[in-house]
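Worksheet: the structure to be examined is printed underneath.
Chain IDs A, B, C and D follow the sequence of writing; residue 1 opens each chain.
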Amino acid sequence: MHVKYTVSGEIFHVSVNKSDNVYTVKINDDEMIFEYRMIDPHKMMLRSPDASYKAIVTTEPGASHVHVNHQSFKVEKIIQSKSSDFKKEHLLVDESPIITTPMPGKVLKVFVKEGDEIRTKQSLLILEAMKMENNITAPRDGIVKRINFSEGDLVEAGQTLIELE
Amino acid sequence: MIKKILIANRGEIAVRVINACRELGIQSVAVYSEVDHNALHVLMADEAYEIGPANAAASYLNIDRMIDIARKTGVDAIHPGYGFLAENPLFVERCEQEDLIFIGPGSKAMMLVGDKIRSRVTVAKAGVPVIPGMTQPLVSVEDLMKNADQLGYPVLLKASAGGGGKGMRIVQKKADLAAALESAKREAMAAFGDDSVYLEKYMSSPRHVEIQILADQHGHMVYLGERECSIQRRHQKIIEESPSTALTPELRAQMGETALKVVQATGYTNAGTVEFLIDRNNDFYFLEVNARLQVEHPVTEMVSGIDLVKQQIRIASGELLDLKQNEIVSRGHAIECRIYAEDPEQNFLPSTGRIVYLQQPSGPWVRNDSSLFPGLDISIHYDPILAKLIVWGETRDDAIARLIAAIDDYVILGVKHQLPFLKDVVNHKDFREGRTSTDFIESHYHDWKPVHGLKKIAVAAAVIQEMNAEHDFPQRQRQRDLYNPWTQLGYWELV
Amino acid sequence: MIKKILIANRGEIAVRVINACRELGIQSVAVYSEVDHNALHVLMADEAYEIGPANAAASYLNIDRMIDIARKTGVDAIHPGYGFLAENPLFVERCEQEDLIFIGPGSKAMMLVGDKIRSRVTVAKAGVPVIPGMTQPLVSVEDLMKNADQLGYPVLLKASAGGGGKGMRIVQKKADLAAALESAKREAMAAFGDDSVYLEKYMSSPRHVEIQILADQHGHMVYLGERECSIQRRHQKIIEESPSTALTPELRAQMGETALKVVQATGYTNAGTVEFLIDRNNDFYFLEVNARLQVEHPVTEMVSGIDLVKQQIRIASGELLDLKQNEIVSRGHAIECRIYAEDPEQNFLPSTGRIVYLQQPSGPWVRNDSSLFPGLDISIHYDPILAKLIVWGETRDDAIARLIAAIDDYVILGVKHQLPFLKDVVNHKDFREGRTSTDFIESHYHDWKPVHGLKKIAVAAAVIQEMNAEHDFPQRQRQRDLYNPWTQLGYWELV
Amino acid sequence: MHVKYTVSGEIFHVSVNKSDNVYTVKINDDEMIFEYRMIDPHKMMLRSPDASYKAIVTTEPGASHVHVNHQSFKVEKIIQSKSSDFKKEHLLVDESPIITTPMPGKVLKVFVKEGDEIRTKQSLLILEAMKMENNITAPRDGIVKRINFSEGDLVEAGQTLIELE
C-alpha cells in the first residue's frame, strides 16, 4: 500500500526506503536516490546522483511547505480512510463535481442559477476579498446542480460553493 | 519641530514611518485592530493602542476613534501612510479642526486633487496636457454612451475618487458599457464611499511615468526625478523603477516643470506624485495627483539619497524645504517589486494563510520594506501586499541582476505569493531592454503559470523531513527499512 | 571576463564576495573547515569543498590544499577576502605560477607593500611624508634601545609583516622595551610567521585616515575618497566613517594624490588602501598600504555608489577601469561599526558560544554584512568579528541617529558582544562633534562597564518564561499558587 | 526556601506568585508586579505599574538568555544541592579562592608560581584566543596556592587555572 501526496492538484504515489544516510524515494514509478544533510531543523541539502538541492521544509498537520531551489510548494498528504479527506481527493481530479472558494471572502454577485448549463471560463460569481473584486470562473463545462451560498454571504476558503451534475 | 506622531496605518508603511520618527527623535504612537495586536508596527512604536475590530471601516478608517487616540496620547501630528485615511479630505479637515498636523497636503488641495474630474479641469487651465475625456461626472447610462461614442472605443471608466486601480474598467465596445459601469460603481463605492465615475479616452500601450515632488508651506517646491511604473497587473503597479528608460534629460526636465505647474495650480503642499502617461511619440499627459507618500517612494529615495518621510515631517512642521532643484542628482538605478499574497496558479487571486517560514533578503544595496514575521496571519481584511523589495545598482543591468539574486534569496512559506512571476518579468528580454508599457503583463504574460519542475523533489524533501522528525521520538518504535508513512501519520497528528 | 572564482575565506567577507559573483553571473566555489560545514558561505556558493580541520593553519591558510581545490574545480581566479592568505606574497606567487588569477595586486607589489620597512623607504623616496622611524629591521635589543633613544619616547614597536594591530606595542619608557619586544615578536610570529619588528616614533592623538584606491593593470588609477578609522581598541578599528570630519576638500585632494603616488611607486594594482596618520596640525604621514579589500570597504561603497568587489573582479579580469577621477562623487555620510564576540565585563576578552537568538537590523540605508544565523557556534579558532553594521545618512547626524536605532534593533543572544559599548561610543559628545583620535577609546573609556540597570527585570522575564514553558506540559501537575522553581527544574532538564 | 539566580556575578533570591495573567515576582525583598503578553515563543511584553518592557528569552538547561530593552543578560540558576554547583556559587563572591579561564584558549605564558603573593590587576598569564594575546590579571590580592596548567596547555572556558589561599 502506497501513500499519496498532492502538490497543486497533482497526485504522487510515494514509498520510501532508508539505509544509513541514503533515502531511496519511489514516486510514481520514478525511483530517486538521495543523500541528505540537515543544516538546521528546517533546512537540508539533498544530493542525488545528478544534482543537488537545497530544501526548506516546515510541517503542519497533514501538510508540508517546501522550498526547493527557489520554488515553493505545499505538499499535502491524502488520507483516504476518513470521509472528509475523501472529498479532498475529489477536488484534485478534473471531473470534480464541486466548485470551491479559492479564498475567504464575500459573495458579491452570483451569475448562475441551479439548472444552468455552464462553459469552461464562464463567470460564475464575484467574490470580494482583500478589497478587490475577483471573478470566479468555471473550471470545466457542466450543469449547475446546487448553489450553496447567496449574494452577501461570507465564505471560507475551501467551502463548496457550487455543485455540478 | 513635531514631537510626537500618531501613525494612522499598519504594515510595512507604519514600520517605515516609525523608523523615521525614531531617527528624528520623535515619539511614535501606533494603532492596531484586534487582529494586529502582535504586529511589527505595534512592537516598534513607543506606544500602541487598539483601535477596533479587524474590519477596516471600524478601525483603521474610523476617524472619530483615530482623533480620540491622537487627543489622548497628546500627539502633535498624524501620519496617514498610504491607503486607509491617507487621501480622505474629511479626515484632513477634521485634523485641521482639531488643531492636529496632518502630514500631507491641506484639506482644500486634497479635496481638489482627490476629485479626478475637477483636478483635470484645473490643471488643463494651467496649460498641462490632459487625456481627452469628460469634464463632468457621469449622470446616466445615456450620458455615458454619448461620451464614449464621442471619444471612440476603447474607453476607460474611472472612479472620480479613485486610486490604486479600484473602480477602473477598460471598455472595448458599447455592449460592455452597462455591465462595466455597474461593477465600477460598486467597487468605487466599496473602496472610497463614493460611486462617481467618469470616462477617459483609453490610451493603448502607454508608459506610466510619475514625478515625485516636495512642496513646503512657503511656496518652495522641487521635483525629485521620475519613477516608471508601467509594469502593472489589474491596474496595480507591481514593478517600479527610476530612472525611466523612456526619458531624455530634456523630457525629464519638461515633465518635472509640468509637475510643479500642477502643484502650483492645485495649491498642493508636502510630498506628492504627479502621474503621467507617455504615448509612443513621447508626448505626455497628466493622469492624476497621488496626494500621499507612494508605495514606490523607496525607488526615488535610493537614487536621490533623500529621505522622503523625513522631508514630509519637516515640511509638516512648517520648516523651509532645504533642497535646491539643481542640487538634486539622481545616481544609478533603482527598481522595486511588490510582493503580493496572490496565487499565481489561480489567476493571481488573493491568498491568505499563516507565514510558517520566512527568509528575507539583505545585502549591499538591497532594501526590503516589510512587516513580515514568522507566525503572521495574512488575513482577508487588508490589502494583499506582503513586502516591497527594492534594489539599487550602478546601472540598470546591475540593478536587475541584484533584484533577481534577492528574489532568489526570498523564502515565504505558508501563503501563496508571486515572487516567481516577478522574477520572470524582470528577466524578460523586453523588460531588460527597457521596452515597457502598461499592457506589458497582459501582452507577455496572458496566461502565466509557475514552472514547477521540482514537484517530485519537493515531495521527496517532505517525506525525508517526516522521517527525520520521527527520530525526535526515540521512545516509539520505528520501522526503519520499509518506510510506511501510515505509521508516521500518528506522530504527526500528535505533535 | 572571469567565469568561476574560488573564495579562499569564510564568514561575512566570503558571503559578500559570493553575492558579487552571483550578480556578475560568475560561478562561485566555497571552501570550509570541518567546523564550518554548515556556514552561510557554504550554502550560498555554487560549489563547496572541505579544506581541512578547524585550525586555520591546516585549512584556510593551507596553500597547497587551496590550489588543489582551485585546480579540481577549474576556477579562473581566487578571491582571498581579507585576513588568512589575503596578503601572503607566497600565495600570490603560487597563483601566478599555477596560472590562476589572484584577485589583488601582483606578488612583487604585495611583497613590497607587505614589508613595512621597505615600503616606507620606497614611498619616502617618491616624496611621500612618512613617520620618523627605522629604515632597517631590528637586529638586537641594543639596536632597539639606540633607535628608541634617538626617536624619543614613546615609541611604537611594529611587526614588519604586520596588519590589524597584531604584533604592535606602544612603549612608554626604556624599562618596558625588552618585554614589549619579546611579546611583539611572539605575536608577530604567530600571526604572520615572521617575527621581524621595527620602531617608529609614536604619534600622540593622531587621526587615522585612509584613502581607498583602485588601479587597473593598464596604468589607470583613481582614489575614492577617505575613511576615518580613528576609533580603535587594542589597535583594532571598531568604528569607521566617510567622510572624515578632519578633511577639507583641499586636504582630501592632496591626500588622494599622495595615495596615487604610493600606488605608482609600489607598482600596486587592484583595490587597495593607503593608510595615513594626521596630526593636530593636519599634517599627514604615510602609515602603510593594506593590500586587500578592507573590512571597512562598505563605508566607501555607500558614499561613492561604487561596488568595490565588482571593480576588483573586473580589474583582475584585465578590464580597463571605467571610472574617471572627476566623476567620483561622495554623497552623504556612512558609518560602520564592527561587532565583535567580546565580553565587555571581562575587559573585552574574546568570547565564544552558540548564537541562540538572532535579530538583525534592516531598513532604509541600513546594511548589515554578516554571516550569522541562529545555531552558529562562535569558536576560538577564528577572528572574533561577528558582523559589520553600516548605515548611510544625508548628514553625519542622520547617520549617527540611524546607527543608534539599528544597534537598538540588533539582538544577539548566546555569545557576549560589545554592541552596548559601540552605542555608547557613537553617542559620545566628542564623537558626535567629530573630535576623534586613535586614543579616543583609551581616554574616554578607560574602564567601561555595561550599564545593567535591568538585571532584575531580566530575572523576572526568565522566571515568567519558565512558568509559561510549563504550560506546554499539561500532563504534569503544576503548583500554581506559590511558584517553586525547584519543581520546574525537572521539566527544564527534560526538555 | 528560595531559588537563586545569578546574572554577571550578582545573586538574586527569587520567589514567584501567579494569578491570572499577573505575576508577582519577589527578588531580593523587592516585590514587582507584571502583566505579560507573549508575542511569539520567545518574545514577551511585560508591564509593571511604572514601566513596560520588551523581553526576548531563550532557555537552555540551567540558564536563560534574556534581552530586555536593548540590554542582554545570561540568567543562570544556582543549584545548591549538587556539589558541582556549590563551586559555581563560590565563584560569584569576591573572596573566591579560584581564578578560572574567562574563555577557551592556549596558555602562552605564566608569570607567577606557587607561593607568590599577588596584587589586584597584576598580570598572571597570557592566554591566546581568537588570534589575540589576552592578558589575564588578578581579580584580588592573595597568595598562589596551586597552578593547574603549564605554558602551552589548551584550556576550556570556566576551568580553574589558579587557586589562591
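Assorted remarks:
By definition in this document, a residue touches a chain if its C-beta (ideal position, glycine included) is under 8 Å from a C-beta of that chain, and two chains touch if they have at least 3 such contacts.
These numbers come from a predicted model, not from an experiment.
With centres defined as mean CA coordinates, chain D is found 30 Å away from chain C.
Centre to centre, using the average C-alpha position, chain B and chain C are separated by 39 Å.
If each chain is reduced to the centroid of its CA atoms, chain A and chain D end up 52 Å from each other. Those residues of chain D in touch with two or more other chains do not exist in this structure. In terms of which chains touch, the assembly is arranged in some other way, matching none of the line, ring, star or all-to-all patterns.
All chain pairs in contact, by the document's touch criterion: A-B, A-C, B-C, B-D, C-D. Those residues of chain A lying in contact with chain C across their complex are 39-40, 43, 45, 54.
Touching chain D in their complex are the following residues of chain C: 166, 183, 186-187, 190-191, 234, 341, 343, 345-347, 349-352, 356-357, 359, 380-384, 407-408, 411-414, 417, 420, 423, 450-469, 480-486, 489, 492-493, 495. Residues of chain C touching chain B in their complex: 16, 19, 22-25, 298, 301, 305-307, 310, 329, 331-332, 360, 362-365, 367-369, 392, 394, 398, 401-402, 405. Chain B contributes residues 38, 43, 373-375 to its touches with chain D in the complex.
Chain contact summary for the complex, chain A toward chain B: residues 1, 3, 5, 7-8, 10, 12, 14-19, 23, 25, 27-28, 30, 32, 34, 36, 38, 42, 44, 46, 53, 55-62, 64-73, 75, 77, 79, 102-105, 108, 126, 128-134, 157.
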